[in-house]
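Structure first, then comments.
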Amino acid sequence: MIILITGLLLIIIGFWAMLTRKNLIRIIIGFAVMDTGINIVLVAIGYVKGKTAPIIDKAVTMAQGAEAGIQAVDKVVDPVPSALVLTAIVIGLAVTALMLAYAIRMYKTGNSLDIDDFEEQKW
Amino acid sequence: MVNPLYLIAVFLIGAFLVPFVDRADRRLSLGVMYFSLLYTASLSLMRLWQLFFTNGNETQVFTAGFQPPLSIALSFGFKEALLTFLVNLTGFLSGVYLAKKLGKSGVQSISILLLLMLGANGLILTRDIFNGFVFLEILSIATYALIGLKSKKNALAAGFKYMMAGGLASALLLIGIAFAYRYSGTLNLDTWGRLLIPMTLGYKIALFMIIMAFVIELKPFPANGWALDVYQSAHSGVSSLIASVHTGAVLYFFYKLLPLMPYEFLPLLAGTGLVSFLLSNLTALRQKNAARLLGYSSTAQTGLLMFVLTGLYRYNVHPSLVLFIAGGLFFTNFIAKSGLFWLAGIIKEKTTEKWSILRKQPLLLVLFGVFILALTGLPPFPAFFAKWEIIQILAQQGGWVALTAILLGSLLEAAYLLRWFGLAVRQNSDEPETASLPYLKLIPPLIGTILLFALSLFMGSQLYVLSEFMYFPLLALLVFSILDCCPLKLKGLLLVAAIGLWGWFSVWPRLMGIGQLFGLVLIGGALVQVFGFLHHKGREAGLIPLLAMLIFSLGNLLTASTKLDFFLTWEFMTLSSYLLIMRGKSSHKAALSYILFSLGGAYLILTGLSLMPPFSPGMAFYLQSGFHSIGLVSTILLGIGFLIKTGALGVHVWLPDAYAEAENEFTSVLSSVLSKAGVFGLLLVLVMAKDVLAANNLLLDALSWLGVFTAFFGALMAVFQEDVKKLLAYSSMSQLGYIILGFALMSHLGWVSGLYLTFTHLFFKALIFMAIAGVILRTGTRNMYEMGGLIKKMPISYISVLMGIIAVSGVPPLSGFGSKWFIYTSLIEQGHYFQAGLAFFASAIAFLYLYRLIHTVFLGQPKPSQQNVKEAPFWLIIPQAIFIMVIMGISLFPNYITKPISSAVSIFIEKPDWLSWTGYNITLNSPVLHGNWNGNLVMLVTMGVFGFPLLWLLLINARTQKVKQFNIVFAAERPYKPWTTHFAHNMFAHYNKALGWLITPRITAFWNGVTEWSHSLAAAFSHIYTGNGQTYLLHIFMYILVIFIVGGIR
Amino acid sequence: MSYMDKTTGIPEQGITPPIPDTGEMPDREWRKDDKTLTNAELTLEEQDWFCDARPTPAKPAWGPVEKFYNWARANSLWILAFGTGCGAIELRPLVTARYDISRLGMQPRPTPRQASVFMIGGYVSIKTLKRIVRSYEQMQGPKFVVAVCSCAINGGMYWDSYNTVKRIDQYIPVDVYVTGCMPRPEAVMAGFSKLKELILAGKAEGQNLYAEKFDWYKANQKQVIKDWNMPDYNW
Amino acid sequence: MKELYDTISLQFTLKDFHQQKPNLAFATAEKQQLIALLTYMRDVHRYTHLVFVTAVDWLEENRFQITYMLHNYDIKADFGIRVMLDRDKPVMESIHHLWEQGRVYQRELHEMFGIDFPGSPGVNEPMILEGWQGPPVMRRDFDTAKYSLETYDHRPRDTREPESHMKEKLYPED
Amino acid sequence: MSLVTKLIWTFISLGIVTIWGLTLTGIVAKIFARVQGRLGPPVWQPFIDIIKNNAKRTAVSHGIMFYLGPVFRIAGGIGTYMFIPAIYGSLYFSNFSVSGDVFLVMYFIFFGQLGMALGAGEGGHPYSAIGVARGLAQMTAFEVPFALSVISLAVQYHTLNITEIVAAQQGGILSWTLFTNPLAVIAAMIAMLGMNMYNPFSVVIAPQETPIGPPTEYSASFLGMLATNRGIFNAAKMVLFMNLYFGGATNLVEMIVKTFCIYFFSVFIGVAFPRFKTEDAIRFFLKVPTLVGILAIAVFLI
């Protein structure tokens, strides 16, 4: 539960940063923070107290038959959120990297890192 | 069965392969890209083939060998196949379009393009929500990267804004998926859909977050500032990809998610869609930047699609119909929008104002026109059928709010799109010639056009309208477009022959009664006037095809047998006449107001038609056999719709400008023939609404007053015109007022008068307009006071106008008096005394403008600048000669016209006993009114009393000296300048002093106010787009919050 | 050209005196052929706007018919009054109750086209002469001229004026002169009575005289009217 | 008016002051100063109305006199400014830019006296005498009777002494 | 009655009405003169004028339409008369009134005016066009009360046929429209003032400003024809008014007396009033007379 709240807090902090900071880099940092928060939330959702990791080892014997399979599933936490998190981290990383690349190029073309300097197109 | 995995695999492999082969040769990597795109497109096509012909019904493919909950499922059914085909084809075309750019900007961009296609394909194919997320992210990242290709500051800023928005959306999506997963335990959409999960608040919120993430990706108004910036600043090829491929894929996934959503979300989503549609279109009104304009249009269309997908569930519509509608809208938008973006890239002009360089490029112009008209929802393009079906559903099931919003939005969209079209077509610009066309870049829009037409035929065939009503006008357009390189006279004569044969052998036998009369007016009248067009020296590209389309549509209007046929034909007519008006020299503004009023009218007609019983035995049928009742609302809507076409008072604003600015000969057709289509429609309504009207006397009274006021104000406004065509335009309006007045009586005599006037108005108005066309052609001006004394130069034209004005004014002995006699007697007979009085006033005012017309143009002082004016060309004389003969004929023998009209009318309203013909004497012996008129005798007496004085004068006046223009008594002075001696300008100043206050343009001011007001509103709305990425982020956040609160999700 | 050069009393382009009426017709450049005039004083463009026909004498009808016509003409004198000088005031009393010419079938007419008597009411300056010629030519024949006041007869008190013509009959044919400075309305009416007598006697053929001696009249007119600026015959 | 004259004299060379009535006075100005003087009178002393411009031919002194009559609406006073020109070379500056109606008077003076006003619009057009080709008619050295006799054909007149003629005619027996 | 007889009687009828119309003009001129304290021209003066005009030896023509203008005008006048039954019950004086009803007559009046306007227009004289513009403008205005009055008659008598309208008024002076429908008669009589173009509605032919308006350029026999038409047309109009409002006539004497009285009305007004400007005339006709006309209809609706 604490983890969940932490995650949500991070999301809010990140979003806040994205909304209020003017510097592009800070916005990107805000985004990264938000991304981390989301990942934490995901993990928190997937985690069930007292269960083991969804890895086939001794704790989860590879059983034959349907009944045993269900038993085995019962013992581990849901692996799907974890898998999601892995993917999400990758994607978040890619987006963050791309954003940074953008920031560099924007600095080159606009000579500024202030997002307020990039509002020529409107209406 | 084609494995959909191939689609993904091909792109993946391609994307990875490209950097390697690029080392060898850039062309090789481009080749890989084209191969991947073409190959996937052909795979989709094969799949389509399979589904159609081998009836393979298995569509799901599971990866990793597990059943759904454990594995990711891909679905490759009909929808997916069609969509991927289109997406990949568009991708390929974009590749072709971007070839130069891609070649320059390096291998990474090729890779990214392939990745983008991968994401799009995956998003379409996958049935797993998380997989969807992944593909969405791939798609988005690829898009970001592509936007970054253009290293302009604006593009980069837009990309960054987009990334911020996309980041927020994906965060939402991810959280939503995670929470939803807690409730469902599965990520597979099919499994999920089958689960019956209790709708707890948490679950709902999770679902809300998921769907809102996609809604945000679909760029709803007003949370779409970032998207507009992207559209505006990105490379047009990329914009086109975003508008078509990206939006298409996301939309499809959105559609796939819908079954999961609780029902209470659907109206919410539908509402957001509608709001987005309406307000985006409104905001676009003020937009001058072409790319941004397209962006607005794109978001609007997406909004409409959202509404269609989510809103129509309420109305118990069969899902396949929903798909049909959505498909129609989607494909039109898909192709047309990408096509327009491509064109925007070719034109390279940012503001819509500068698009007039298109005029020099006929091919581009045609493509542009096709895309614009397709987006506007005009037939034969798929959006037309979609809109037809939507309105059918909404109108029949009472979705009035949605219906109003959709029609209003469509009208706004038409307004800015067609204004743009007008700017491109206008002739009075002097743009320099553009450089040679990039032919490679032309291929994509060309293929898009072909695809659009193919889809149109497909959609049409689905609605069973692939009858002559659809293909005759189109075929005519096509055939004569191919023949367009022939000399004008040959084309024209071919057209006359084609229509003559078609009319005689195909249309005429199917008509009877009033239908036949209108057949004569619409087809015959138009046919005679075709000759008038043939005097031009050049080829007049585009004239004959459009004219052919128009006349075929007019013929079809009479024989249309279903509601859809009727409306389709009506829209064809509107479209072709709009394009014909556009041919005028500076007509783009006039044409815009014409098409907007016409579309407004058409939408009313559409709604009215939708309210009619669904299984009606055919429209024109009513004019032949029995009555068929329609409801009150339908009556009013249809009535107003047709009245707009006739140019009744209040909605006449388009009329003078359109008449004045169209080509001179076409004005004649507009006035004499096309306005009769509105009359035909009105008559149709009156026939069908007999029961309603019997119950509501007020309606008919209102109509008759409307008619007489139209007649009165039309005449009064005509008096003060300096422009000869405007004068005649208002005169036409006035005459149509009489026709409306006649029909509004709903009596035998009233209808006879209306039809009689319909006929005679055709003859004399076409006569005058044709003669004036010759005059304008020869003098090169439309201002009457710049002409004068042309009787000596153009005697035949003078005779035409003389006959015309005698007939218009209703002076005996010519046929015009018949219409006056009929109208007054029928009015008095029906007890409409005051209308009769006002109508009499109007007809007296007609003398003022008619005298002004003939005096200022033909009499008075000839101008030195027109010293060498010749008689009008032979081809213009032909229709005049025909009409003069007809007028003389029916003046001498009025029975040939009055009797058929009476017998045709008597099918609907029985001929009363007291109306009788003895020889040429029409006798009226009604208990309330006696009267008679013997046109033949009047003519003979007049000829007699005219002949004797003439002989006397010839006898006694042996020594008459013929003198010249300045041999006038000028108070012992001599005149010096013909143009100051000619009393012409502001001829009725005293009348203006006395009655001018009546015609202060209040109605025009009202419509101008509407325009002004909507533009101000648009400006106000557009100011929410501040250009700041953070503000946009806030918009999105607030938007979601507001929807959440408004939706009241509990 | 400035007047500075012509400060002496001698006109640079001297105006030659009128040609004596010898019956010999001057051959002038305005005469293109027997039927047409050149209208040479007009620009080419203006020549298109004016009729260039020459007036021709009109034969009277067969005797008794002409007598009947003359009776009608004499009893329906429609007056075009040209108020050039103080004599203009004399027409007004004529239509009042005291003198009432309408009882004789006379009435003032506002347009030369419809009038048959041209009443010149006083001295004729050159500028006025131009208008008189124009109006006279625009009248439809038979037309009669009554010149009132001594100024119209011999210049009167303007005998030494540099721009008043002294004899109108050298420029248009005059049927009746009424003397006096100014003549009383009774005198004017007496003049009209005389005119009636002339008409009834068939002697008032001023129109034909003008047509026959057209060249002579025209030459005289053109000698004094220097800015001609109108067609040679104002139809 | 004398005060006014004195005031103006401070700036302009004036002479020959002549007060004809309490509210009507004349003075002679220098030709070169005239435009400045008129402008000054109009703008400073509110003589805003140009009543007329006329000329007098002083044949014996061989000069023309042009009089500009100005009127002040406020005090209802007129002030005439005279200018003397050389009769052999009568050229004067135009005042049409001060008073629009000035050009009409100038046109008239040009026609009647032959005084030239370069720059005045339409000054060469005939005003009253259409097509006049003789000398300026109001010049005193133009003999109109001689001109008339030379130019027009006078009706031969029977010149008799009225008294004796009437006596002879009415009472021949006396 | 054979066609030939019919034609002969038509000519006789036309001849009578022409003579009467011209005499009427002469009488009116005489009356004007007497009112002004003059002797005035003899009543046969119009005939002398017409003879004189036809006896003119020269004429000018500005073109074919100019030439045809007077022909149109007189055809309009004669035609108008042709379509009115002159004497009630007389087969010989019914002319060609079977051709149509009162609307035909009302519209045929325009025939001559239109033709004349065109002819005058070709004259090229601005005053002609000004006169026509004024005349047409005034015409639109006075036609309104007249039309309303005729509609009122149609409501009253249930017929537009002139003969039937006259028939309905037979049987004593009190059955004339004048007494059965006074409002309509008032409206129509005021409209007639405009039609006859005497003061206060004579701005069309304003002899001072626009020398006699449309026919400025007409001379000689053209003018003679116009003058002839003035007689015929006035008489025809008076016959129409007599038929519509004053019980028609059963013999020639009655016709002459009645038409004289009707015409005298407009003369009576004409000698006593100054002239309206065109726009004032329009405003005048569209106010009180129109209101009276509306009332004339409204009384039948209540």
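We just call them A, B, C, D and E in the order they show up, numbering each chain from 1.
In this section, a residue touches a chain if its C-beta (ideal position, glycine included) is under 8 Å from a C-beta of that chain, and two chains touch if they have at least 3 such contacts.
This structure is a prediction, so every number in the text was calculated from the model and none was measured.
Following the contact convention of this document, no chain is adjacent to both chain A and chain B.
Counting steps between touching chains, the shortest path from chain D to chain E takes 2.
Two chains share more touching C-beta pairs than any other pair, namely B-E.
When chain centres are set by their Cα atoms, the one at the greatest distance from chain D is A. At the centre of the protein atoms shown, by the Cα-centroid criterion, sits B.
One finds 105 Å separating the Cα centroids of chain A and chain D. Per-chain Cα centroids separate chain A from chain C by 114 Å.
Taking the mean of the C-alpha atoms as each chain's centre, chain C and chain D sit 35 Å apart.
Work out the mean CA point of chain B and of chain D, and you get 76 Å between them. Along chain C, residues 58, 111, 113, 235 each make contact with two or more other chains. Shared interface positions of chain E, i.e. residues touching 2 or more other chains, are given as 57-60, 211, 216-217, 220.
Per the contact rule defined earlier, chains pair up in contact as A-B, B-C, B-E, C-D, C-E.
Of all residues in chain D, those touching chain C in their complex are 89-90, 110-111, 114, 116, 124, 126, 128-137, 139, 141-155, 157.
Every residue of chain C that touches chain D in the complex is listed here, in rising order: 2-4, 6-9, 11-15, 17-18, 20, 126-127, 130, 153-155, 159-167, 170, 224-228. Here chain E touches chain B in the complex through residues 54, 57-65, 67-68, 70-72, 74-75, 78-79, 82-83, 96, 98-101, 103-104, 107-108, 110-111, 113-114, 117-118, 121-130, 132-134, 136-137, 139-141, 143-144, 147-148, 151-152, 154-155, 158-161, 164, 211, 216-217, 220-222, 225, 277-280, 282-283, 286, 293-294, 297, 301, going by the rule given at the top.
For chain B in complex with chain A, the residues that touch the partner chain are 130, 134, 137, 141, 144-145, 148, 151-154, 156-161, 163-164, 166-168, 170-171, 174-175, 177-179, 181-182, 187, 225, 228-229, 232-233, 286, 292, 1022-1023, 1025-1030, 1033-1034, 1037. By the touch criterion stated above, chain B contacts chain C in their complex at residues 864, 867, 959, 961-967, 969, 972-974, 978.
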